[in-house]
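Here's the structure, in structure tokens; my notes come after.
Letters A, B, C, D, E and F mark the chains as written, and numbering starts fresh at 1 in each.
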Amino acid sequence: MPDLGKYAGEVLSAYGISLALIAVLLIVTLRAGRRARAALKHIEREGSPDA
Amino acid sequence: MIALLVRDLRLALRAGGGFGLGLAFFLILTVLVPFSVGPQSTLLSTIAPGVLWLGALLACLLSLDRLLALDYEDGTLDVLATAPLPLEAALAVKGVAHWITTGLPLVVAAPALGVLLNLPAQGYGWLVVSLALGTPALSMIGTFGAALTVGIKRGGLLLSLLVLPLYVPTLIFGAEAARRGAVGMSVETPLILLAGISLGCVALLPFAAAAALRMTIR
Amino acid sequence: MIALLVRDLRLALRAGGGFGLGLAFFLILTVLVPFSVGPQSTLLSTIAPGVLWLGALLACLLSLDRLLALDYEDGTLDVLATAPLPLEAALAVKGVAHWITTGLPLVVAAPALGVLLNLPAQGYGWLVVSLALGTPALSMIGTFGAALTVGIKRGGLLLSLLVLPLYVPTLIFGAEAARRGAVGMSVETPLILLAGISLGCVALLPFAAAAALRMTIR
Amino acid sequence: MSIWEYANPVRFLALSAKVQPYAWGLAAVGIVVGLVWGFFGTPDDFRQGSTVKIIYLHVPSAWIAINAWIMMLVASLIWLVRRHHVSALAAKAAAPVGLVMTVIGLLTGAIWGQPMWGTWWAWDPRLTSFLILFLFYLGYIALWAAIDDPDTAADLTSVLCLVGSVFALMSRYAVLFWSQGLHQGASLSLDKEENISDVFWLPLVICIAGFTLLFLALVLYRTGTEIALRRARALTARQERVA
Amino acid sequence: MSLRLRDVAVARGGVPVLSGVNLRVEPGNTLILRGPNGAGKTTLLRTIAGLQPPLTGRIAGAEDTVAYAGHADGLKAMLSVAENLSFWARIYGQHDIGAALDAYHLTQLQDRLAGSLSAGQKRRAGLARLLVTGRPLWVMDEPTVSLDREAVGWFADCLRAHLAGGGMAVIATHIDLGLEATVFDITDLRAAPTELLGASDEAFL
Amino acid sequence: MSLRLRDVAVARGGVPVLSGVNLRVEPGNTLILRGPNGAGKTTLLRTIAGLQPPLTGRIAGAEDTVAYAGHADGLKAMLSVAENLSFWARIYGQHDIGAALDAYHLTQLQDRLAGSLSAGQKRRAGLARLLVTGRPLWVMDEPTVSLDREAVGWFADCLRAHLAGGGMAVIATHIDLGLEATVFDITDLRAAPTELLGASDEAFL
């Protein structure tokens, strides 16, 4: 861990917030993507949107 | 009643995100203020509490327009008026739904926008408290105004015109509380008065609104 | 085209006075500002030009909502789209009608409201000039926004969200000109730029608006 | 074979399936290497102290935020002129990524501003234009969400993107005219004079490359999602008609 | 409980439209209102539904038993058909919407947004709403507008089932619905312009 | 000039609804579209009127000759009947609205605000609008909704006069209008779900 001096709070929170936002974006993207692909596969197989 | 609340919230979410939009308007308004009065940060921080209150008020106001109008146009109000649910309750619920979709997000977002206007650090808490106490009154007064103007084509502006004077006391006490909070003065009196207004509005205005609505749809 | 203009103006006059209402909103907003930022006259006179411009902009914005929505709902737009009049011309005329009923009264009334906010004496002229040059752009941009959102239920707030960022350049130059005028600085550059924006909008945006409208009513 | 072949969803998906593993992998490598190097391996600036390390997030995200909009503009044009569905969907897929990057740029900038300028926010032209960009993203996404016919939505958002870009440019000039800045000018320019020192430069470039690849991977994947949604919608609609 | 109107007069826009309306609908019966355009059918129906007060006379047996279906359908474009119906069902304290969906053959369409239906499909959803109210008195203003012949048949079936269960219906229509019903012609009940009925502009006559 | 549709396919909400529509209307003739609810009548009429493009095929003879009357009347509630009609007359470069008022017996009502008319009176004013367009091809979606019998007769008279003057009409309706007209049933033209017609969702099938 490098010595961040008196700005440790700023630097770490910047990294924390940014990485968290990117992680949220990734999770949302992947989750929506999986769900959409699964639904599509289901429709292609069963021929019906529900059930 | 819960059915109505759920439906209103669902509609707000679905019809292009009624949730986000009041908020977005609030944001945009806050952004436009520096464009119009200039970028000096001391000036901005002086007017910040007032601008934020005014912005919240206008965001509420803009969304009132269709609080009842859509239900009127597609005949929902006619049916609601003949349904077992008392119209007073229905309107109170509609007011609550409006607050949840508009007032609440504003309360939550206000601090972030305070940053844009250089609101002094001590002002954030009181800003939020005053908005939380005041926005229910804004929603209920708005419901009443919407009930008064519902059958009128192009009622949007008329509605604003009717409602804005009714908003004055809420605005005065709310903005005063936020302003005093920002400069570190005591905020008790305006906050108590604000809470009083809100309580009164929530308790009494549904009746006035229902009476008005019965007349408009006649 | 003149028929359309006359009809729109007549409707504005009749439907609860579209004329007066934009104005009334402008007035009320100006009155609310002292309530929200506090009554100190120096502060008010500093922010006066900005507030008046912002008020004009919001008054325009509020009235946009139903610029096309009513015509859409009652089927008028369908008929207009199949009528001999090109849609571009029809939308330009609607923009003009909107300006006459909203922008023009604001220009005329702004000096009176300047008094309420202690606008410095030298500022009146430039305020009026800048509003006169800028409001046509506001009306045309608004027409474009209305064409984009017309088929959408509860489009009012979405319309504001889309239109407000488009208003930014107009607002900046307009308010800057009014502000410089109020403190006696040279106003040429912002005024020329403002006029340029207005001209560009009036010349080009009807085409964009007609294209958007053809897509929405499809 | 013309590049327009990839406007066909199937071909696009095939190509995207080939490209994606590399994009994800290289993006991960770039971001990890760049950030780790930047965070652990570079010295503090003599004036800014350790806060310079924020640059490895701030500049790449700002860069993506701006270029995502440009990409959406190009995609919108392609949709309007040639009506390739994949293009419209790619624009739709890119918008939320651009929005998040804008938010990251704004937040890291704000955090950086507190120690450097003594304020979270100032109405500096660059900051202000960035905020306006944020608003454009919001409006664009809201318009997509509000229209249920996908083609109409694509048409209207494309028109908005075009007109919006023109107004965004005008806003940029207006804002420059309206306020003087605090923010640094472009320092990654090719002319060496004002460039930031080499120690910071290399990891920063790696970070920018990593973010760009991440953007690419995300957009490819999200476009795939949009295609799946459209396909599901098309199939259901057709089945309803059989019944 | 039957619906009774005794000597009712109704006004629209401050002007008396009908006067001396006396009618009675017993459980199991349908009343069809007839009259030329502008005779006052809509006005009378709205009065029965309690949406406006009568000028004179008394209406008994309508309050809390009436379900009103006017020209507009009361459907939200952004909600699906099933969501629309369950909303109304819950407002009226009911739960099951399956019967209503079946009656108008809406099961296929139940997940479609109401805004994307054709005119006749919308109307079918609007009529299905009456079935989820559980109310005995249906007051309907031109219910079969834009319905095709088959759908008119479904409507007639529903109505018959409702009547068989002791329900009542008052229907304004210009079309022959092929139902067995009392016809009530309001053409001759037009209020004479000189009649004094307590309309809002009378003080100025 | 006659109206011709050659091999037209139309879509609604991105999904093909009808395909292989071939029809021809000669001056002096009326075509009545029939088909159950949701068959695609409204969609076809809007396509003929030029409000949406056809998926495939060609439409000749409609542009600049068509006057469209949809479900909505295009009347402004806050203008009087006469004002509404003269507005539309001027948009179409005409002047005289007297004939239109007479044809639908609206002279009595001409100074009433359109918003205060009954449903049938409104519809009459909406139909009168077609007379002031001076256009030869009338495209009408369920024109007789809420009209009483007499008014349906007026409508038939107007239409006959229009046809006698070399006009054409395409009408979608579920009701028997008692007109002498070719009937075109679109029930069997329903687009097969697998057909490739260039609909917007096809790239995804």
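The criterion applied here is as follows: a contact is a pair of C-beta atoms (placed from the backbone, for glycine too) under 8 Å apart; a residue touches a chain by one contact, two chains touch by 3 or more.
From a predicted model like this one, the values you see are computed outputs, not experimental measurements.
What chains do chain A and chain E have as common neighbours?
D
Name the chain whose C-alpha centroid is most distant from the C-alpha centroid of chain E.
In terms of C-alpha centroids, the chain at the greatest distance from chain E is D.
Would you indicate which pair of chains has the most C-beta pairs in contact?
By number of C-beta pairs in contact, the leading chain pair is B-C.
Centre to centre, using CA atoms, which chain is the farthest one from chain B?
In terms of C-alpha centroids, the chain at the greatest distance from chain B is F.
Would you mind pulling out the distance in Å between where the CA atoms of chain E average out and where those of chain F do?
28
For chain A versus chain F, what separation do you get between their C-alpha means, in angstrom?
52
Distance between chain B and chain C based on Cα centroids, please, to the nearest Å.
Each chain's C-alpha centroid was found; their separation is 24 Å.
What's the distance between the Cα centroids of chain C and chain F, rounded to whole Å?
Centres of chain C and chain F (C-alpha means) sit 37 Å apart.
So which bits of chain A are touching at least two other chains?
Those would be 49.
Tell me, which residues of chain B touch at least two other chains?
Answer for chain B, listing residues that touch two or more other chains: 11, 15-16, 21, 24, 28, 35, 38, 70, 73, 153.
Can you list every residue of chain E that touches 2 or more other chains, as numbers and ranges?
Chain E, residues with two or more chain partners: 71, 77-78, 115-116.
Flag every residue of chain F that touches chain D in the complex, lowest number first.
Chain F reaches chain D through residues 13-15, 17, 190-191, 193-194, 200-205.
For the complex, give me every residue of chain E touching chain D.
108-109, 112-113, 115-116
Which chain D residues qualify as touching chain B in the complex?
It comes out as residues 110, 119-123, 128, 131-132, 135, 138-139, 142, 145-146, 178-179.
State the interface residues of chain D toward chain A in the complex, per the touch definition above.
35, 39-40, 44, 49-51, 53-54, 57-58, 61, 96-97, 100, 103-104, 107-108, 111-112, 114-115, 214, 218, 221-222, 224-225, 228-229, 231-232, 235-236, 239
Per the contact definition, I'd like the list of chain F residues that touch chain E in the complex.
Touching chain E: residues 13, 35-38, 42, 71, 116-121, 123-124, 142, 145-151, 174-175 of chain F.
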